[in-house]
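Okay, so chain A shows up in both of these, paired with chain B first and chain C after.
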Partner chain A sequence: MFAMGQRAKGWGFVAPALIWTLAFFIVPFIVMGAMSFATLDGRNLVWGLSFDNYAALAERRFLWRAIVVSLEITVTVTIVSVLLAYPLAWIIAFNVPPRWQRLVLLLTILPFWTSYVVRSYAWLLVLAREGVVNQTLMNIGLIAEPLTLANTRFATVTGFVHFFVMLLTLTIYANLVQLSPNYRRAAQDLGANAFQTFRHVILPLTLPGIVTGAFLTFVLCIGDYVTPQILGGNTELTVPQVIMVQLGRRADFPLAAALAIVLMGIVTLAYLAAARWLRLDRL
Partner chain B sequence: MMRVLPWLYLIAAFVFIYLPVGTLVLFSFQDGRLPVPPFNGPSLRWYADVLGDTRLTGALVNSVGVAFVASTIAVTLGFLAAYGLARHSLPGSALIRGLLIAPLTVSYLIVGLGLLIVLTRSGFGLSLVTAGIGHVVITLPLAFAIIYAAMGAQQQNAERAARDLGANEARVILLVTVPMLAPAIGAAFFLSMTFSWDEFIIAFLLTRFDVTLPVEIWSLLRSGLSPRLNAIGSLVFLISVAFVLLLELLILRKRK
Partner chain C sequence: MNRLTSTLLTTTILTSVAGVASAQDTLNALVWCDHMDPELIAPFEAAHNVTVNLREYEGTGAALALLEQSRPGDWDVLVIDGIDVFRAVDAGILAPLPADELPTADFFPEVVMDDVNTVDGVTYAVTEKFGYNTISYNAARVDPADMESLATVWSETYQGRISIYDYYLPVMGLAALSEGIDTADISADNLDTLGDVMATMRSRAASVAGVVAAQTALATGEVDIVVGGGEWLTAVLAEEQPDLTWTIPSEGAVRWTQSLGVVEGTQQPDLALEFVKYIVSPEGQARLATSSCFWGMPANAAAGDFLTDEQKAVLRWDEQPDYLARTQLYPAPDDALDMAMQDLWLDTLAQ
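On to the complex of A and B.
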């Protein structure tokens, strides 16, 4: 009886958060899933079990193209970000004196907190035809005519990489400082040179941090609408952009729902691929 | 050469990281119509312009208001759930924790899309309230995780002592648990504020007439580059940095 009362009380504390999550996250998610099997008859929604929306992904070229573009951009961004962030995290962990590390790290990720709309706009400013980069390159005589940098895939990737280098530096740094210096010493005592020590000792030990950061990068990058919309121009669309197009003028919610489910599917596949090394609980 | 290489890399990285924010802030002081070189100024005219625009200041107030209310709800619900799970043994508690954390694994666009479908289907009008509901969905997992991680045996002993001295559960929570967890609760609150107040896509999907600042900025973006946008962007950045510094102070205090 006592235990029952205690348990009921426990439920009472958990209930508000649980109900909120169920009502405003789980239920909407289920409804969205059901809607991906519905069809549009003119403007009217017909519930049912139709696979038309999923079949359209294979049949309509621009939908398939959006999935390919999204994957290309996301994979490029993830690889470039890891390659740029690793040395940075390394330098902060091993070259910067310990008492300055916290400050340097704080400074490294400060622009991370800029609103993502504002951050993308700021890159537009930097990469514009009359922008800082073009003006500087022209002033030092490297180019005669301004380059087209904004409204390209290059701009989208740059905007993403900027954001994720900061995130990855943080996760990789956290991994590097946890390593006991004894591993490096042991490897060196056994005759390994600097590269061998890195390749066979440090890299395998920091792999979980890299994979966790890379997975987060993948998830956040593939689901983002703002960066490609502001920086990428309209020459090619990513999946989130196509979803927003469906929600707008066309009001094709079933197709938008199906695309959202496909996005979730891609993320799930990425999760399964990375699961072996993921340490999400350590974040 | 090998000695300077790391420092050169560090400097190059900082140039890359600060290039957009630096350009944004510098050209917010531009005395002219275009926020590109050459720099003329400094001038505060665009800040005066922005602060005199009631649509923008209204949107700013909306953003802070939505963030404050959403964060308060998220931290309250997150705290209660963390307390319930840490102090009472419940069947399926791993499942409950998983459910509460789940929204973190889904992109904001999908969270917003799901809510948009359900809210419009059930005849709910879109407003700042619906945007706030969406913001609680994304900040509740953060608040819960932070507070749950901070609940340790140390508070449990103090709670037991208070209970033995005759305090009922409500008094124990308010007078013992909450004060002892204040740094974690504060950190959860400010982190929720930083996530909610400049969030765009959920607010964009779930508001209609009254909008938050990022949505207002979005509609200004259509007219292209302008020092005005630089000025608003700089203000948004400044406010976010203020939240982050408060957060940092709270974490440092906890460490001591």
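On to the complex of A and C.
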């Protein structure tokens, strides 16, 4: 009787979370999955088990191209962000006095308390032909004519990296400050130089922070619509942009659902690839 | 991870995904951004002691899907692309309007468009605003003479200095006009021809941009020409940057119209009708024409009495008879052709 009471109490505690997950994740996911096998007859939705929407990925060049473009941008952003965030996190963790670290972290992410959309448009102005970057390069004589920076993949990647470097800095910083200084001392006592200490001791121990941040970057980047739309200038289409077109103009929910399932499949593969090092519980 | 970094991380992620929620009030209107201007809505709210809950949408498909999934009474009025009124009527989304209570006798005759707003003798919508998808440009940076022909607009001279408005219907309409094809004659048979024109256009373009991005690109000098632009793009910038202007080339241009209707099943048909009547009244029309989001010609010519000479000059009020004669309505494809046109558009973007 006591055990049953305890069990009921346990279910009572987890029930809200279960109901929440069921209502806002499981059920919508099932509906989206079912929708991806439906078709459109004119404007009417026809439920069924059709693979037409998935076949369209192979048949319509722009759909397949969108997947490739999304992956290329996301992988580039993730790698560049890690390469920039790690040294920044290192500096904050080991070169900034502890009493200033919180302030530095706060200042680092302060720009992100502004609107994401406004920030993207700000980048558009910075990268414009008559923007700060081009004007500076021309003033110092490095270029004679303004470069085309805005409305390019470079602009999209720049906008993403600006955001995700901060995200990664936080996850890597959290990992670095948890490292006992004894690891470094022990490595040095055993004759390791600074690079060897980093390569064989620090890097492996901070890998969970890097992978966790990289995975979050991957997930948020591949599903983002705003940055490629504003900064990329539609010079190439990503999967979220194509999904928006299906929803906004055609109301083709089945094809949009199939694309969303593909996107989830890509994220799942990324998770499986990173699962060994992921430490989401540390966030 | 310590509490500070957890908090900062959470804040950072949340600010990236946060949306804006809107409260539901008395009159619910599904609209375009030009109706979001308080200068337009506040007088109606004050006169009727109501609050208008405005929701902006992108694309007729999204609006129809939203309305089809809503309960009757959730929405009261709908702004819709003129050429899409028939789709909304087919879907049973629009309620009949009392045509005799609408001031269409004062409208510019070309935009009354009974064939669009009336189905089987029943009026379901009324034109509220119109304008042109044509060529906007910076007169200080391009040769205005080149802008008088579509052939020279997207010529090699302007490689990388063009932005294309991100809406397939007007841009494909312009592509058709450049080939001597009327917008009403666009069909599956001539899509290949349009595809070739758009491929050329695309190869010259630096970007394919929505309203704000196109305005920004033109205003910042990122591009010098916007194909598909018009008064709606440059009018709000006229005061600060008078070199930004627009023209209708010799081949003609595409005329856009937007219509307003009452949603079938509204619980407040009288208030919804009052809103429609306010928007098409001369005062409402003048405010809508000069809305902060984008300017455009009022359908009701009587709005001229409520516009200043400067505003009329920016709208090119006196040139309207010529413009109306030289422009053609948006292409109005059936569902199958519409899908084919969108596929062609997306293929062009992906090039």
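In this section, the second predicted complex is superposed on the first by the 257 of 283 C-alpha atoms of A that agree within 3 Å, B and C clash if a C-alpha of one lies under 4 Å from a C-alpha of the other, contacts with A are read in each partner's own complex, and residues count from 1 in each chain.
We adopt the following convention: a contact is a pair of C-beta atoms (placed from the backbone, for glycine too) under 8 Å apart; a residue touches a chain by one contact, two chains touch by 3 or more.
Because the structure is a prediction, the values reported are computed rather than measured.
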item: First, second, both or neither for A:179, with chain B first and chain C second; value: neither
item: Touched partner set for A:62, first chain B, second chain C, both or neither; value: second
item: Chain touching more of chain A, residue-wise (chain B, chain C); value: B
item: Touching partner for A:128 - first (chain B), second (chain C), both, neither; value: both
item: Which superposed partner A:192 touches (first chain B, second chain C, both, neither); value: neither
item: Partner chain(s) touched by A:233 [first = chain B, second = chain C, both, neither]; value: second
item: Partner chain(s) touched by A:147 [first = chain B, second = chain C, both, neither]; value: neither
item: Which of chain B and chain C A:17 touches, first, second, both or neither; value: first
item: Contacts of A:248 with chain B and chain C, given as first, second, both or neither; value: second
item: Contacts of A:113 with chain B and chain C, given as first, second, both or neither; value: both
item: Chain B and chain C contact sites that coincide on chain A, given as residue numbers; value: 106, 113, 116, 121, 124-125, 128, 130-131, 166, 220, 230, 244, 247, 253
item: Parts of chain A lying in touch with chain C, wherever the complex brings them together; value: 42-43, 60-62, 65-66, 102, 105-106, 109, 112-113, 116, 121, 124-125, 128-131, 148, 150-151, 163, 166-167, 170-171, 173-174, 177-178, 216, 220, 229-230, 233-237, 242, 244-245, 247-253, 282-283
item: Complex contacts: residues of chain B adjacent to chain A; value: 6-7, 9-10, 13-14, 16-21, 23-24, 27, 34-37, 76-78, 80-81, 83-85, 87-90, 96, 99-100, 102-103, 105-111, 113-118, 121, 133-134, 136-137, 140, 144, 169, 194, 198, 200-201, 205, 214, 217-218, 221, 225, 229-230, 232-233, 236-237, 240-241, 243-244, 248
item: Complex interface listing, chain A residues touching chain B; value: 6-7, 9-14, 16-18, 20-22, 24-29, 31-32, 35, 84, 87-88, 91-92, 95-96, 104, 106-108, 110-111, 113-119, 121-126, 128, 130-132, 135, 162, 165-166, 219-220, 222-226, 230, 240, 243-244, 247, 253, 256-257, 260, 263-264, 267
item: Residues of chain C defined as touching chain A within the complex; value: 1-2, 4-6, 8-9, 11-13, 15-17, 58-62, 64-65, 87, 90-91, 160, 163, 166, 168, 206-210, 212-213, 216-217, 220-222, 335, 338-339, 342-343, 346-347, 349-350
